[in-house]
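In the two complexes below, subunit A is the common chain; its partner is subunit B in one and subunit C in the other.
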Partner chain A sequence: MTTESLLVLPGDEIDPSLIPTHKKNPLRLGPGLRHVPPNHILPTVAGQLVADHRKTSLYVEYNGGRYIPSVSDLVIGQVTRSAADLYYVNLNPYTPNASLPHLAFEGATKKTRPQLAPGALVYARISLANRHMDPELECVSATTGKAEGLGPLTGGMIFDISLGLARRLLMARSREAGGIAVLELLGAEGLAFETAVGRNGKVWVGSENTKTVVLVGRALKETDEKGLDVEQQKKLVQKLIKQMR
Partner chain B sequence: MPREAEPSLNERQFVLQALTENLRLDGREFDKYRPLELTFGDEYGVADVTLGKTRVLAKTSAEVTVPYVDRPLDGIFTIATELSPMTSPAFELNRPTETEVLLSRLIEKTVRRSGAMDTESLCLVAGQKCWSVRVDVHVLSHDGNLTDAACFAVVAALRHFRKPDTSMEGGVLTVYTPAEREPVPLSWLHSPFCVTWSFYGEEGEIALLDASWSEEQIRVGSCTISLNRHGEICQIAKLGGTPVEAVALLQCTNVALTKVKEFSTFLDKKLAEDAKRRDKGGLMAELSAENDR
Partner chain C sequence: MASVTIPGQLLGPTSKYQPGPGTHIHQTNLYSSLLGVVHVSQPVKAPGPAKRLNKITPAPAPAELPTISVSRSGVSEKREVLPEVGNVVLCRVVRISPRQAVVAILICGDTVLDAEWQGVIRVQDVRATEKDRVKIYESFRPGDIVRAEVISLGDQANYYLSTAKNELGVIMATSEAGNTMYPVSWKEYRDPETGVSEARKVAKPF
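For the complex of A and B:
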């Protein structure tokens, strides 16, 4: 549960009272913050500082900019090529590739691993992200050995959205906390589709019906570009549904 | 230099599938342009054109120089296109990509070689002095269909441009400042515009107008038709790609003509609006030293 929020600029001092503490759990720093040893925490971007006391985490919420990988983010990547034992996956155009080991899929062995052609899409989690190093991805949970929804994405279409919208879509309660209800509303209109949201500003939409995918894509893009609130999203969905019929 | 990001397999498949079902990703019809906008700068000869998310800025400038030795009676008219890394990281300064070369060639052919501007009127003293008119095209944002947007910007900038008035008396050339004499427009003969078609499908049977960047990346061929509103074709460029039926191309040219007529009226309207905005107090007619032809 987020309790505190405050606007910070890069290099601002963070009031120690805002930093969540816990007896056992260490503090987790999210995107936009940097630990300067020994005991400074500095924001690296301008945005809203969000402290999560339950998870003892602290991060900066900002819209836009370029995606910077951080551990355990869910991302959608595009396979650029395959090497001896890993795939090179592109998360963002014009940035270095991330690597996805061939065996980081559910139940993958040397013989049963999925064969991904260059240009294929994968939904993956970032398992390693250090500064000055190429990030590493995985499509399987290290603890359970299950895919948990990750893996190659077949069919469907991918849409680019802003990083802020991607984060809001990924929130557990995106309607209340993020003010995004467009997918819910489209589902309520009787459209059948599935989505995968990547933290790197990509949404994959899959459906049997091509029209549905186009419609969902347009709704998402318009919500993003015009910064619509829930009421406006309702109107937009009504309008698009009417146009489709 | 980073390479241009290629569309994924899913995107390719999906866009083609959608096109066979008569759908475009942005909900446009196949022969519809994205919203075209044009704003003129405070100075004469600056045109800022946006076509959807594509944005092109053209700036015209003129200076007095010596004409080429082999063409003593002609002025100099050049168009310089520039795709900077600001447009996309795949472009680099001073190292023209194929896109940039094709873009400048097409605009050159459309505007300069079609004789849209009377270059002889730029001559001041035969063999000694002439105007050199230069248009700089800056692509500020690239979301497909650069050719059409850039060509429109060039024509708009040239039509909007005013060069300083001059006079010859006793072998002395005088160039007047705008304060002394109102600058005069270029002698303009016709306004050509580019209309680009993109082809999809195995035999290029699907034709799209004004493809966005994602659509442009997966097309199998394209054809740029330049013409003016009287239907006089300046050039047709179909540079490689899948062969397209001649009848389909004819159909494309017909639609292109209606689009060019729309462009032409739109530009005339915008120019008139701008002239009205500049004509404070209705004194422009009196200030002008220009004679009607």
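For the complex of A and C:
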């Protein structure tokens, strides 16, 4: 995978030599780019242009302020109210509520289903998202019927993070690809906690020990606000551990 | 006679006149419902059957009374066209939600309507088969022109429409890129410029 470190602004011309080509595979455009027929590709956001030659794809890595739902994203929402056969779940303060059907949980039937009170947190996947309708969520995988970690989140605390950090936390190899090592480091120091990251800029931290929850939250927020790289994250973790002990 | 009436004006008793369009009855009197011109049409004398003795016939047949009606523009033949149950109408999709599509009815039969009436196509009335597995997002989008049939006059806000026949459905659609699309099957439209297909409930063209 080759990454080009090029900053683009909306409407910039892209140098054709940067666009990955392949004999058979067509070029795939990811978020932040628009195809203007017949042969123009224009960025629509400001960010880093990333060309992936292995997957023949081109996209813009950007840190936006507004979460735009897309299908099969994992998000954390808060239940606001319960209607006929669905829950209204709030993903962020600036969009209408998403809907989560009562039966979209693992093993849920009309008689046995989780009772979520208003204010409860859920970790869900987006099943329908488009410009014209409010998003719809599900807490069960449509293909396998298993929850796979989705469902209500009890205890713990939620922290707001930027969308860019949420995306990097959700990457498969967050240390190499995203430069986030803070959670690994905290775990290595012996703290026991679990996290759930929502693409909508929310991270939930749960632990038996309240101090641990607060510490992990603080570490994440500082990494986010100050834009720390891996070395600085190591120093931050050591400082916080020392303060705790 | 070309007299002008206002809504609520007394026209005559029901014993002398038959109510027509633009009038209503209140306590055995006929009142005008519209601001317009009054028309009295003479009854057509129905050719009755040959008189038979010992037959009980109802007392004076209603067709013998003249019909009084009020029409707005003064042109006696022009009537206010309203969608009725069973009419095929053309409408434009205004917004979609998971359970219904809200449309604005533009044309009823062959007449362009003066006002846009609001209609609703519920998710169970989109198709005739597999009604519970219909997804509104794959049947309609805002801005589509749809041929539908009125199934109910509905409530104060909406007519209820249905597209559950082969020749009903989306007849004109615009793609996300902004181009007019062509139908390729009963559930797909294609943009000729970008080649991208979009799912719709397509009306069979005749």
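FYI, the second predicted complex is superposed on the first by the 190 of 245 C-alpha atoms of A that agree within 3 Å, B and C clash if a C-alpha of one lies under 4 Å from a C-alpha of the other, contacts with A are read in each partner's own complex, and residues count from 1 in each chain.
Definition applied: a contact is a pair of C-beta atoms (placed from the backbone, for glycine too) under 8 Å apart; a residue touches a chain by one contact, two chains touch by 3 or more.
Everything quoted here is computed from the prediction, not taken from an experiment.
Of the two partner chains placed by the overlay, only subunit B lies in contact with A:Thr154; subunit C stays clear of it.
Within the superposed three-chain model, A:Asn130 lies in touch with subunit C and out of touch with subunit B [touch as defined at top].
Contact with subunit B, but none with subunit C, is seen for A:Val214 once the two complexes are overlaid on the shared chain. Of the two partner chains, subunit B is the only one that A:Ala120 touches; subunit C does not reach it. With both complexes placed on chain A, subunit A has more residues touched by B than by the other of subunit B and subunit C. Subunit A contributes residues 35, 37, 99, 128, 130, 132-134, 136 to its touches with subunit C in the complex.
The touching residues of subunit C, counted against subunit A in their complex, run 95-98, 136-137, 141-142, 177, 193-194.
Interface residues of subunit B facing subunit A in the complex, by the touch rule stated above, are 2, 4-15, 17-18, 21, 23-27, 89-90. Of all the residues in subunit A, the ones that touch subunit B in their complex are 78, 90, 93-94, 117, 119-121, 153-158, 204, 210-211, 213-214, 217-218, 243.
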